[in-house]
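There are two complexes below, and they share chain A, which is joined by chain B in the first and by chain C in the second.
Up next is the complex of A and B:
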């Protein structure tokens, strides 16, 4: 049985006949996972310094020089790294007395932190498959981002207490600004909201749950939703980036809604995270510092938005990006700031960030070329083995060698 | 009649874009799935924009040329765009007090283009030229 690190579902039931770098036959691999396997031979990163090819040892030494020669270093990325590499990354940050952060600092970090802190109840995907009768996808489109989410866990499968699956036993509710592929599956369970209208929808839903008439156009549909949620035996809210960005840092309304739902019945929250081990980084840093992102080790442990990449780019004088592509994701104005900072890029593949890096250090693709462990988006720890042989270094070895060199 | 329309752009991730990204973000396939904007057909009729034609999206943060996809479902005032290096050029770099960036929603003007779709290499050059 093979393993897929193509997204944070970390599917462990994959069968693949892989010959000559190509898939000949496969079972259970989704379209995205198929591309993940096919990517092994595409745009692989090579060790380089200032655009010139060097050996891997020279690249690691040059990377260590960049980090050791700076006063305000930012170690960023980590969502596509193994737990071992993430742990080594936190140790490196401590050793350098620098800042460590991941993309959750400008996205879903606050929600994840509340889950890890126990403020939001959560559960595993297996609990969802076996017991959940209502799944709410809020600003979340798993049909696109996590293609087997609904078929393995949240809507279509038959579970221990959900033998009649989506036909009779499960409800899918989608709250989104667009009729996404997931919304099309939910059909009548789709609630289209205006851009930025999440807070307003929450207020209307809270009013409904409180027995009041909601101030929305389609009152009947909202009242029916309230009834469904009240009658749910086990509900789950899957939070997507659409919700996180709409709410910004103000989770009070969402927290009130989750609290109210749990007074009425049982509702859990699971974030839909994109990189395969985003949850692993958040958990690793949380265990060490009590925070999921944006931590400075300069004077003990400091945390705050000023240590997230979006703000810290103004202060840092060296960056190491591991398994991430902030130059492609950050607003152009911030990507330009990133390009001005001496940068080390550690990655398996070329991307816009590796293109602007002073030093590039290639790594093996975890789950395919090297084994390791990771946390699924629901927090479940999974172990995986290498699937094909590779000469690339494991990510943890690269980080540990840098730690020795600095 | 040529002109400009003001829209709120909402970004999203699509399965086929994710596939093409995994297969190489410098590929034509990735550009085809990423450098596009879904516009309300009725709304952009006056701009002379047709399905599959390039359009300019611009605001105070940047400018890109992407392919227009015209949707039959009405969504006046709102356009949808895959979250990508193209959309990132138009996103606000302003950081909220909480550190969160608004990568999902921004305002932009759309107009008919007489130039080719922006390539990812051009975006890379813009970033490097800073």
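Up next is the complex of A and C:
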């Protein structure tokens, strides 16, 4: 038995046959997870300063120099780090008096913050499997991003109160701008909206739930949806980046919809997060500061959109990216700005960000080469052990060494 | 997917009964169900006028007779499969045979599952347990309709 840290579902029923430093056979791993395991020996990062190879100790001290020599430092990433490393990262940010942020600042941070603050009701994936009868995937395509989402928890499996599984006991509703693979499965439960049309759809749904005729083209389908939601015994809304991007920073409409649904029946919200421990970072920072991302420790604790990577890149003079690839994900203009800032990249594998970094520090792959703990997308704490031996340093040790050096 | 009529059009259509079946249409059904082989139709092989039909029939049936297809006619397109396991969990035989594993969304534990995910793609094993197998077969399509990428098809 092994753990998969390929995505935030953290599958624990994996079997891997590992011989002579190579994966011979894997069972129950999806394509994404299989690739994650298979990449163990491919494109590994080497310690380097300004493009020339150095020892790991030199790389760590060079990284510490970059951070200590700058005034406005940004520590970014953390989604692919263990909880221990994330905790050490927040301490490092405090020590440096700098800004710490993660990709949720331009994705689902606000939704996660509402969940952690208790404003949105939530539940675990196991509750979904056992009790949920209506699953709404909003701006979310788990078939592509979290391949085992629907088969392990949200639609296909039999559960305690859902013995007939998807055939009779469960409904899948997909609200998306395109007919995604998840929408293919939902068939009649697919509602196509225009890009940015989520707010409008919410208004129509609110009207339907309030007993009014919605102002949409297919009124009958919308009224049917309203009836389904009203009759649901245990509903779940899985939010995806599509919803977060469409709503921008304004969650008022979504909050009132969730509130209204909870007046009628029970509806929980679970975000579909990309990195395996995104939720862990949000929780760690929330516990320490009351915010899930974009926190500055310069004068006490400050929070705001100006401390998100998208805006703070203008102000910062050094960046440390841990286990993330913002150069590949951010829009071109921001990626260009990022390339001009002196950068330390801490990662297990090479990527576009490590290619443009001044200093690179390699780490062991969590879940495979080093144990630790992480939070699943639903907030459940999962402990995992190392599965192969490795000479690479664990991410927590790299961050702690940096803390000593700065 | 190959239809019976397509096969029938490429047979001699003489109802000579040399294959042991009463009509050429029955032989076409037998070919599709892999209960008969092309060689059972002796006129098709022996008479020169059927040469073109024979060639066409071999071409038409190549995917059915290939090594990729299981005995139930299931073809899994590895390159399209996500390994999501929807078919593994939705398969009614898996659910009945493996109540503590695939039925509740986990990997198979009983060793009797038909479908399982190996090396990131789905694989068909224990094919004789499939509801499409054997004399009392039913046209179950649970694994096809639950596939998000259309990686499974039956011939």
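Definition applied: the second predicted complex is superposed on the first by the 404 of 406 C-alpha atoms of A that agree within 3 Å, B and C clash if a C-alpha of one lies under 4 Å from a C-alpha of the other, contacts with A are read in each partner's own complex, and residues count from 1 in each chain.
Rule of thumb we're sticking to: contacts are C-beta pairs under 8 Å (C-beta built on N, C-alpha and C of every residue); 3 or more make two chains touch, one makes a residue touch a chain.
Remember, predicted model here, so these are calculated numbers, not experimental data.
Chemist: So if we stack both complexes on chain A, do chain B and chain C clash, or do they fit?
Modeler: Once both complexes are aligned on chain A, chain B and chain C fit side by side.
Chemist: Between chain B and chain C, pick out the one touching the greater number of residues of chain A.
Modeler: Counted on chain A, the partner with more touching residues turns out to be B.
Chemist: In the overlaid three-chain picture, which partner chain does A:143 touch, first (chain B) or second (chain C), both, or neither?
Modeler: both
Chemist: For A:178 in the superposed arrangement: first (chain B), second (chain C), both or neither?
Modeler: A:178: touches chain B, not chain C.
Chemist: Of the two partner chains, chain B (first) and chain C (second), which one does A:106 touch, if any: first, second, both, or neither?
Modeler: After superposing on A, A:106 lies in contact with chain B but is clear of chain C.
Chemist: Which partner does A:29 reach: the first (chain B), the second (chain C), both, or neither?
Modeler: second
Chemist: Return first, second, both or neither, reflecting whether A:208 touches chain B, chain C, both chains, or no partner chain.
Modeler: neither
Chemist: Which partner chains sit in contact with A:242 here, chain B, chain C, both or neither? Use first/second/both/neither.
Modeler: first
Chemist: Rounding to a multiple of 10°, what is the angle at chain A's Cα centre between the Cα centres of chain B and chain C in the superposition?
Modeler: Roughly 70 degrees separate the directions to chain B and chain C.
Chemist: Regarding the shared-chain residue A:283, is it in contact with chain B (first), chain C (second), both, or neither?
Modeler: Neither partner.
Chemist: Looking at chain B versus chain C in the superposed three-chain picture, what is their shortest Cα distance in Å?
Modeler: Superposed model gives a least chain B-chain C C-alpha distance of 6 Å.
Chemist: From the superposed pair, tell me which chain A residues show up as contacts to chain B and also as contacts to chain C.
Modeler: 31-32, 34-35, 143-144, 147, 181
Chemist: For a test of understanding, state which residues of chain A touch chain C in their complex under the given definition.
Modeler: Chain A reaches chain C through residues 13-15, 25-35, 129, 143-144, 147-148, 150-153, 156-159, 165-166, 181-182, 184-185.
Chemist: Under the definition above, what is the set of chain C residues touching chain A in their complex?
Modeler: 81-86, 88-90, 95, 103-108, 116-121, 146, 148-149
Chemist: Would you mind writing out the residues of chain A in touch with chain B in their complex?
Modeler: Per the stated touch rule, the residues are 6, 31-32, 34-36, 38-39, 42-43, 105-107, 110, 141, 143-145, 147, 177-181, 195-196, 241-242, 244-246, 248-250, 274, 294, 304-306, 308, 310-311, 327-340, 350-352, 355-356.
Chemist: Please name which positions on chain B make contact with chain A in the complex.
Modeler: Those residues of chain B that touch chain A are 8, 10, 12-16, 18-20, 22-26, 61-62, 73, 75, 78, 80, 83-85, 88-93, 95-105, 120, 123-124, 126-128, 130.
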